[in-house]
Each structure stands twice: as structure tokens, then as C-alpha cells.
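Heads up, the next two complexes both have chain A, just with different partners, chain B and then chain C.
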Partner chain A sequence: MTEGAWQTAALRIYAALFYLFLYVPILVLIVLSFNDSPAMGFPFMGFTTKWYSNVLAGGELVAAMTNSVLIGVVSAFIATALALLTSLGLRHRFLMKGVVFPIILIPIVMPGIVSGVLLLVYIGISGVPYGLWTAVLPAHITWVLPFAFLTLHPQISRFDYALEEAAMDLGAKPFEVFTRVLFPIIRPALIATLLFSFTISFDEFIRTLFVISVDRTVPIYLWVLIMDRVVPFLPAIGVVLMTISMLIAGAGFVLSQRSPSR
Partner chain B sequence: MTDRLKLPSMHRRDMLKLGAGAALAAGFGGAAGAQEVTLEVMLPNAIISGKGREIVEKAAGVKLSDAPFQSTPDAVSRLMAPGGTSRFNINFGIVDFARQPVLGPSAGSEKVAALDLAKIPNFSKISAPYKGAIIERGGKTYGVPILLGYNTVVYNTEKVDVKDPLLQSWGALFEDKYAGKIGWFENAHQMIFAAALYLGKDQPSSMSDAEVREVGDFMIKKKKNVRVIWTSFSQAANLFATGEMNVAFATLPVYTQLTAQGMKVGRSWVKEGVQSLIGDVFIPKDSSHQDKSHAVINALLSDEYAKILPGISGYLSPNGIAGEGLSEQEKLDAGYGINSGVTKHRPMPIPANLNTWIEVWGRIKSA
Partner chain C sequence: MDAAKTSSIRGILLVLPSMLWLLVFAIIPIVVLLCMSTWTSTMFGIERTWDLKNYVTIVSDSVYATILLRTARIAVIATLLSLLFSYPLAMFLVSMKGRTRSLFLLLMFLPFWSSYVVRSFTWLPVLGRAGLINQTLMSLGIINEPIEWLVFNEGAVYVGLVYVYTLFMVLPIFLSLDRIDPQVLEAARDLGGKPYQVFMKVIWPLSLPGVWSGCVMVFLISVGAYVTPQLLGGTQGTMIGNVIATQFLNTNNWPLGSALSIVLIVMVAVLFAIVGRRLGLKQLFLGERA
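== the complex of A and B ==
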């Protein structure tokens, strides 16, 4: 074999191993979700679908998923809107513009547990009741906003302002400039930001744990399950969540591929 | 077009008034109909699951919404945090840890409400071994015990010789015999306490910093025998089921759940003494529905609940009726020997130098 052939073969083997490392755990999860065993692991003791019945029939997971989806959607929209407004604002000069960027990124650099404690103390001092919409939502927005900003800001900052100026020269009002010039072009970026923000929010655990009351989001629900129960149906939960995530990601991909309207 | 039915005509304003009236009536009617109060509680999930929850909700006439309970330090921290005294209707804590924080340094600084014992008639059923766990100050009662638990050595009966005398000692977690199949628990206080008992320390909670470090050095030497330091029930169950762990430090609910799942596990009455702990409940001082909270506490001390508690969690109730109807051997097997003194046990007061324990545990884990 020539040297190039060796390199190609080595690269293919490396790629195969890489994909195996990434995806074999997912396959194992799927296999274990059908394992008729009181423990969550091997050996495989028989095929069963009862874990899926348990999971889908139980109201707790559905309630937790509903909470996570609602909080995720709302926090994604709010964070994306705030990120958009911030990015648009940063195109102009104003006093202390230089500190806005670092301030927005503080939640990312601060350890999650520190953020959680800060939120717990702040919410307690301010008298805001602990709960899904009063405490968890603001916690999620503050966590998601930096990610939304970092996703959206490069798109906004690269946008050719001359297009907006041309529209204004032709008599378009600012709202028309936004809706008919800027928004159609940045729409794929906005959709990507929304989806990314949603996944960040959906996955958020540590800050939520400090400020949630008696409700459950999916990460909190799973945490409580594994901490004080034996849960042989956990792989089934994982497969259900993974399926839903893939469907959402697929839908998002389709939406983002559509060209903007003119 | 004529109106054949000759209905009275109705103006728009009349309809609006009617609608408003209907909405008001629905609101008042709804309020009057909504007798059931929902209490938000911070209690171990195991004790208000299934039948236990049904009994308590029915007896107290409430619906319970439980927050994610993780540990006593977490629950007490939430009580101590700003806004914590109104966050939940009922809090829980292991009395050895919780007593001081909930009482505060002096009279008047309590974080919890004084209980009206007239609203907890089952308080009189608390048996003598639990009286010391009642949290009191100045003639008032602030916390009431609702369960007794213990930590001990748990083992896979299919993988070990159940007659091995080493299993009846904390030494099973440290000595070489079960090397590679031992599980420790991710808890500084409880693990170092167990090692200290094995090393012959009579009062582990009173160990000096040097003694704690000495125990830590021993544990570091024995860490090579440890398969895993487990953190969750699920993990412990899996490790037993897959055979990666045959002998482990385990809390009572873990043992209860493993046996409920059909796993062949046994637990020891270790000769140095199992680690016993009593859990109390209290009512945060600024919480709402305190009458209903009293009713829940009363339900947690009821005869019906006392009989069901061991089955759902393994914990024992302080109600004197608990254990009635069991043979002497059954009582011992369930852990009632701890109450009677037949089973050796060690309460676990929080050491004054807990920071040293935590530092030493950090060294053990990173070794």
C-alpha cells in the first residue's frame, strides 16, 4: 500500500473508533431500555417494553417535561429577544459600551453552584416566591442569555448596515427596516439561537435546584429519581427524551434551511 | 324578521353584567369548594411515597407537594437562607445536625415555630427512646422526631459467605478480604465515623484534629480495596446487581429498596454499633397554613403511619405502637433492637471540628 493509502486507512479507522465512542453509549442505552432486570445494567435478562409503559403512563415525567418545555420556550424567546436588542445596541457608541460584553458573560464564567447560591439568597431577600415562573424562569434567562448573545452577536455585528441605510433613504420607518430588511436576513440565526437557548435551558440543573420549589423540571426529576430510588426504567426515560430532542433538532434544522422571504 | 319565540330582548350591557356576575359566582363558589390545602414540604421522598403519602394526606386533609429533598444540610441551609422561613410548610432534618441551626443561638432567634402540642395529640405516643430527640427550648417544643434510621454494612448474599464474622464489623469496608468489591458512601461524616469505630475510637464525634487525620491516613491506605464511592441509590443498586460491589456502606432506605427490588442483600448489626440517626420535623416560623402543618405532623406520628413506615422506607416510627404484632426476632430484624438497646448503635452528633473531617475526606478522595 502506498503511504497515502495507509493514511486514508488510518483516518478511516480513527473516524470509526471516534463514532463508536460517541454513539455506542446511545445504543447501549436503547438496549438497556428493553432489559427486563430490576437493575439498570447488564446482564440482559430478557426483552420487555414495560419500562416504556411505566414511563409514559406515569404523570410525573409528563409534568416535568411540560415544565421544562414551557420554561425552555419562554426563556429561549426572552433571552433571544434580549440578545438581539443588546447586539443591535452594541452597533452604536454609548458610554461604557466596553463593559457590556463582559457583564453579559459573567453567568458563563461563574461556577454554577455559586450562581445557584446567589440566586437563592437574592430571591429570598427580594421576597419573590420560589416557584417555576417566579424564580426558575429568571434563573434560566440569566443562564441562557450569554449563550444566546454569543450565538447571535456575530451575525448582527457582521450585518451590512448599508442595507438598512438604503431602506431608510427610501423612506422606510425603523420598524419597517427591522421587519422587512434586517429580520428576514437574520431569521436563520434567530431560529438557531432560539433552539440553542432552548436546549441550554432544558438541560439546566444546578441553578434550578437552588430556586425551585415543589415543581420539577426534567433534570430535577431525574436527579430526585436516582438519588433516592432504584430506577430500572431510567434508560427508557433517556430514550424518550433523546427521541424528543432529536425530533425538535430535526424540526429546527428544516426550519433553518428555509431561505428568508424577500 | 319577527321573533317567533318572543324572547325578552337583551342588551349588550346586560349580557356583560350577567357574565361578570357569573364569573364572580364562579370565583366565590370555587373558593368555597376548594377545601383542600396544598402544603409544600421538604421531607425525604421515601417517607411520603405511595401508601405513606395517602395516609398522611387523608388524615390531615391536605395535598402534599414535596420539594426535591437531598440531605439534611441542604434542607437546613434552605431554612437558614433569606426567605427560608416561609418557603416551605414543613421542614425536616436529622436532629443531631438540625437542632442548633433551627433553634438559633438564643431564645427568640428560632427559625421555626413553637408547636402547639394540643394540635398534635399523637405527640403523646412518642416512646421513651425518642424523647431526647424532641427539640425544645424554654418549655416550648420546636421539633418532633418522626423516624429512626441507621447506616450499616450491606452485602450481596449470593456473592459472600453470610456467616463470615468480618461482615459483622465495619472492618468489612476496609480490610483486604473483599478488596476490589467494596463500596464506600460519599459522606465525610458517616464514612470517617465508620472507620473510627472500626479503629476502636469510642467517641468518634469527639476526636481531635490529629485523631481525625490519623483515621484519614488509615482510610487512604485502605482505599486501594475500594471499587467505588457511591453517591446515589440508583448507582448503589446497579453496582450490587452487576457484581461490581459485594460489600458496601449503605443507608437504610438503600437496603430497603434493594430488597424490595428482589436483590439478594443482607445487612449487618455490626459489633462496633450501627450508626443511628433520628429525623425531626419542624414548621418554619413564617410559613402559611400552620394548622394544617400540625395536622400533617400528627399524621406522621399516627398508628396507621407507624405501621407502614418500615415497609415504604425501612425507617422506624417513634410511635410506641411500632413493632406491635411482630415476634421478638422480627423486631430485631427490623431494627427495633436499637430502641431496646439490644442492638448496639451509635448516635452521630456533629463534631465541633467538622471542617477537619471534610478536609480529611477531601484528601481521602483525591488520594
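== the complex of A and C ==
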């Protein structure tokens, strides 16, 4: 074999091992979710789907799921709207334009644990009650905003401004330009951004943990169960959560690939 | 009004909502945290003492110094391990073409579309006493007793951090490798460059923007980690994130917790000051060339 062929073979073997590392823990989780054993772990004691019926029968997961979906949808819409306005604004020239990008990135650059306690202290001091809509929603919008912006901004800055100018020259008002020219073109990118934003909110944990009260989101519900360490249906919950996130994000991925501006 | 001025006003009005939002929910909270870090927790609640006592405690008490050093060490090592494991995979992805490449990229993304709580937690049934590794080794007769040191220590934190955040390393490296013009590599080979020479003198330098971007992201996430060390680290793998959380959730010392958070923010700011001199933010986060 030539040196190049060795290199290719070595890379392929390495990639096989890497993907094994990536998927073995997930496969373990799936296998254990069907394991008929009161303790979480091996050996495999027989096949059962009772953990799934346990998970779905318990009202707690359904309640947590409802909270997560509501918060996810609302924060995805608000964050995407804010990101869209910002991306549109950045196509104009104005004073201090340079500060917009660094400010948008603050929530990403801030270490997760600090973002969590930041809002805990802030809300504690300002006297607003902790809870889903008063604290978790703002925390999620703040966290999702930079991701929505980073997804949307490249698509919009690539958009040919001449098309809008042409529409304006023909007498269209700015709002009409948006609804009739810009919006149809960026719609796939917007939908993709909404879906990605939703999954980021849906999976959010550390920024939620500190400001939540009695109404739990799904990751918090999962965390409480993990901390209790007595529940054999943990793998089943993990698999359910993973499936939901993957399906939604997968849809977002497919839509972003179809985006005509690519 | 002239067109430039209208355009400028329109621009400001459009970016204003998100800027105001972040002022209220990101910038002002940091100021509040800074204030809180100068107050003192007493038996009767929090006193607004406006002093640096909490910072003195952090510097003088060896417990905090140890944890801070360990956190920096874990974050640096996790970043380097992640780079070591991710770089060859990025090279593999770049060597793939068309549909195969899309498939492997999708397989790379798929696990990352689920919560990192789930992804950290999956290592417990792999590394634990009744986990995959121990039970496999025992059923093969290689060991008689489960190996205890697989989990609840610093090593398990490395496994967890590399696993949970490797996409943030693979992706930027893949993107910068993908941008290298194949003709450049061909020229290097035609001029007699051996594979390792081509790698060291051409591929590696050209991939540096992606390497930096990945390293910054992984370091950033690792240094503020809470879930992974909490689940897999045991007492030996405790990081600053866990200590900060304890101040708020258990010992109820908000001012000290705030001061520790400020120290963590400063650590991250120093990183950005160093790396930001080499690369712009846009390059780090959007992959644009500075």
C-alpha cells in the first residue's frame, strides 16, 4: 500500500472507533430502557416495555412536558423575532454598530453556571417571584437569542439588498417590502431558526435550575429523578427526551438544507 | 432627511429591542452580581457592607484556590483531549465526499440534538459498578470485582466533557479544513512534501482558525460545567461550578457565591483577551475570516 492509502485506512478505522464512542452510551441507554430489572444497570434480565408505560402514565412527565413545550414555543418565537430585527438592522450603517455583535454574544460567552445564578440573584433582589413565566421564560429567551441570531444573520446578510431597493423604487413601503419580498425568501431560514431555538430551550437545564419554582421543565424533572437515584425508568425517560429533541432538530436541519439562499 | 440618515435611524430602531432585552437580562444582572459580591452573608440575612472580604476569603482559603486551579486544569486538559480526538475525525469528514459526507455529518450531529443532562447521565450505566464495562469484563472472567475507579473521579469528568462537547471542536475544524484549496495540497505534494510535512507546514497552519474556535468553545463550556462533574466527578472531580451552586442551593451564602462567579467571569474574560487579540469574535463564532 502507498503512504496515502495507509493514511486513508487509518482515518477510517479511527472514525469507526470515534462513532462507536459516540453511540455506545446511547445504545446502552436504549437497551437499559427495556431491561426488566428493578435497578438501573446490567446484566439484562429480560425484555419489558413497562418503564415506558410507567413514564407515560405518570402525570409528572406530561406536566413537565407541557411546561417545556410552552416555554420552548414562546421563547423560540420571541428570540427569533428579536434576532430577525437585529439581523435586518445590521444591514444599515449606524453609530456604534460594532457593539451589537459582542453584546449579542454575552449569553453564550457567559459560563453556564454563572448565567444560572445571575438571574437567581437579579430576580431575588428585584422581588419578582421565581417561576416558569416570570423567571424561566426570560432566562430562556436570553439564552436562545444569540443562537437564533447566529443562525439567521448569515442568511440575511447574504440576501441581495438590491431586490429590496427595487421594490422600494417601485413604491413599496418598508413593511410591504418585508412581507412581500424579504419574508417569502427567508421563510425557510426563519422556520429552521424557530425549530433550532425551540430545541435549545427544550434542552436547557443550568439556566433553569436556579430560578424554577414548583412547575418543572423536562430536564429539571429528569435531574430531580437522577439525584434521587432510585428510579429504574430513568433510561426510558432519557430515550423519550432524546427522541423528541432529535426529531425536532432533525426537521430543522432538513429545512435549513432546503433553504434557497444556500 | 437624507437617505443615509433614514437608513441609520432604521438600523438603530431595528437593533434596539434585542439590545434593550440584553441590557435588562444580561448586563444589569452582571452589575447586580458585582454588587452582591461585595456584601456579606450574616445570620440575619445579607448586609450591604461594600467590601472585598469575599474575595479575600477566596484568595486566602486554600479550599477555593485548590478548586479554582483544578477547574482551570480540568478545562485545559478537557480542551486538549477534545482537540486530540476531534482533529482526526474532522480530517476524516473532509476526506468524505457527497452523500457519504452528509451522512457522517448527520451522524455527528444527531447525539448533540439531545440534552447534555441525558448525554452526561448515559455514562453512569457505562462506567458504573453495574455498568457496561464492568459487567462485560466480569462476564468474560477478566475481573472478579467491579472496577471502582472508572467513575466518580477527575478521569470520568474528562470522559464526560469530551463526550458532551466534542461537536463544538469537530465542527469548526472541519469547516476550516474544508476551506483549504485542494490545489494547495497538490502543489505541496508535487514539490516533494512528505505527508507529515504537508500536514505540519500546510494543513495544520491553515486549520488554526478552526482549532482556536473549537478550543475557545470547549474551554468556555468546560470551565463553567456543573452537570458533568456533579454526575460523574464525585468529590475528587468537583469543579468551581459545583462550589458556586452549593453557595446558592445549600449553604445559602449568596455574596460568596457571587464573588466566585465574578472570579469565573474574569477567568473567561482573560481567555477572550488573549485569544481575541489573535482572532476576532466574528471569526470565532461565525467562521468568517477576520
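The rule is short, and it goes like this: the second predicted complex is superposed on the first by the 223 of 262 C-alpha atoms of A that agree within 3 Å, B and C clash if a C-alpha of one lies under 4 Å from a C-alpha of the other, contacts with A are read in each partner's own complex, and residues count from 1 in each chain.
Everything below uses one rule, namely that a residue touches a chain if its C-beta (ideal position, glycine included) is under 8 Å from a C-beta of that chain, and two chains touch if they have at least 3 such contacts.
Here the structure is a predicted model, which is why all the values come from computation and not from measurement.
S.K.: Look at where chain B and chain C land on chain A after superposing the complexes, then choose clash or fit.
M.R.: On the shared chain A, the partners clash.
S.K.: Looking at the overlay, does A:Gly41 come into contact with chain B only (first), chain C only (second), both, or neither?
M.R.: In the superposed model, A:Gly41 contacts both chain B and chain C.
S.K.: Just to be sure I read the superposition right, which of the two partners does A:Tyr130 touch: chain B = first, chain C = second, or both, or neither?
M.R.: In the superposed model, A:Tyr130 contacts chain B only, not chain C.
S.K.: Determine, under the contact definition given at the top, whether A:Val224 touches first (chain B), second (chain C), both, or neither.
M.R.: first
S.K.: With both complexes superposed on chain A, which partner does A:Arg216 reach: first (chain B), second (chain C), both or neither?
M.R.: Touch partner of A:Arg216: chain B, not chain C.
S.K.: Is it chain B or chain C that touches the larger share of residues in chain A?
M.R.: Comparing chain B with chain C, the partner touching more chain A residues is C.
S.K.: Between chain B (first) and chain C (second), which does A:Leu234 come into contact with in this model arrangement: first, second, both, or neither?
M.R.: After superposition on chain A, A:Leu234 lies in contact with both partners, chain B and chain C.
S.K.: For A:Leu119, decide between first (touching chain B), second (touching chain C), both and neither.
M.R.: second
S.K.: So, does A:Ala172 touch the first partner chain B, the second partner chain C, both, or neither?
M.R.: Neither: A:Ala172 stays clear of chain B and chain C.
S.K.: Scan A:Leu255 for contacts with chain B and chain C and give back first, second, both or neither.
M.R.: A:Leu255 sits against neither chain B nor chain C.
S.K.: Residues of chain A that sit at the chain B interface in one complex and at the chain C interface in the other, please.
M.R.: Chain A residues touching both partners: 39-42, 120-121, 124-125, 223, 226, 234.
S.K.: Could you please specify the touching residues of chain C with respect to chain A in the complex?
M.R.: Residues in contact with chain A: 4, 7-19, 21-22, 25-30, 32-33, 36, 85, 88-89, 91-92, 95, 104, 106-111, 113-119, 121-126, 128-132, 135-136, 139, 163, 166, 194-195, 220-221, 223-227, 231, 240-241, 244-245, 248-249, 254, 257-258, 261, 264-265, 268, 272, 281-282, 285-286.
S.K.: Quick check on the complex: what are the chain B residues that touch chain A?
M.R.: By the definition above, chain B touches chain A via 40-41, 44-46, 65-70, 78, 81-84, 87-88, 232-235, 237-238, 240-242, 253, 257-258, 260-263.
S.K.: Considering the complex alone, what residue numbers of chain A touch chain B?
M.R.: Against chain B, chain A makes touches at 37-42, 120-121, 123-125, 127, 130, 209, 212-214, 216, 220, 223-232, 234.
S.K.: Spell out the part of chain A that touches chain C in their complex, as residue ranges.
M.R.: So the residues of chain A touching chain C come out as 3-4, 7-8, 11-12, 14-15, 18-19, 21-26, 28-29, 32, 39-43, 82-83, 85-86, 88-95, 97, 100-114, 116-122, 124-125, 138-139, 141-142, 145, 149-150, 153-154, 174, 199, 202-203, 205-206, 210, 219, 222-223, 226, 234-235, 238, 241-242, 245-246, 248-250, 253.
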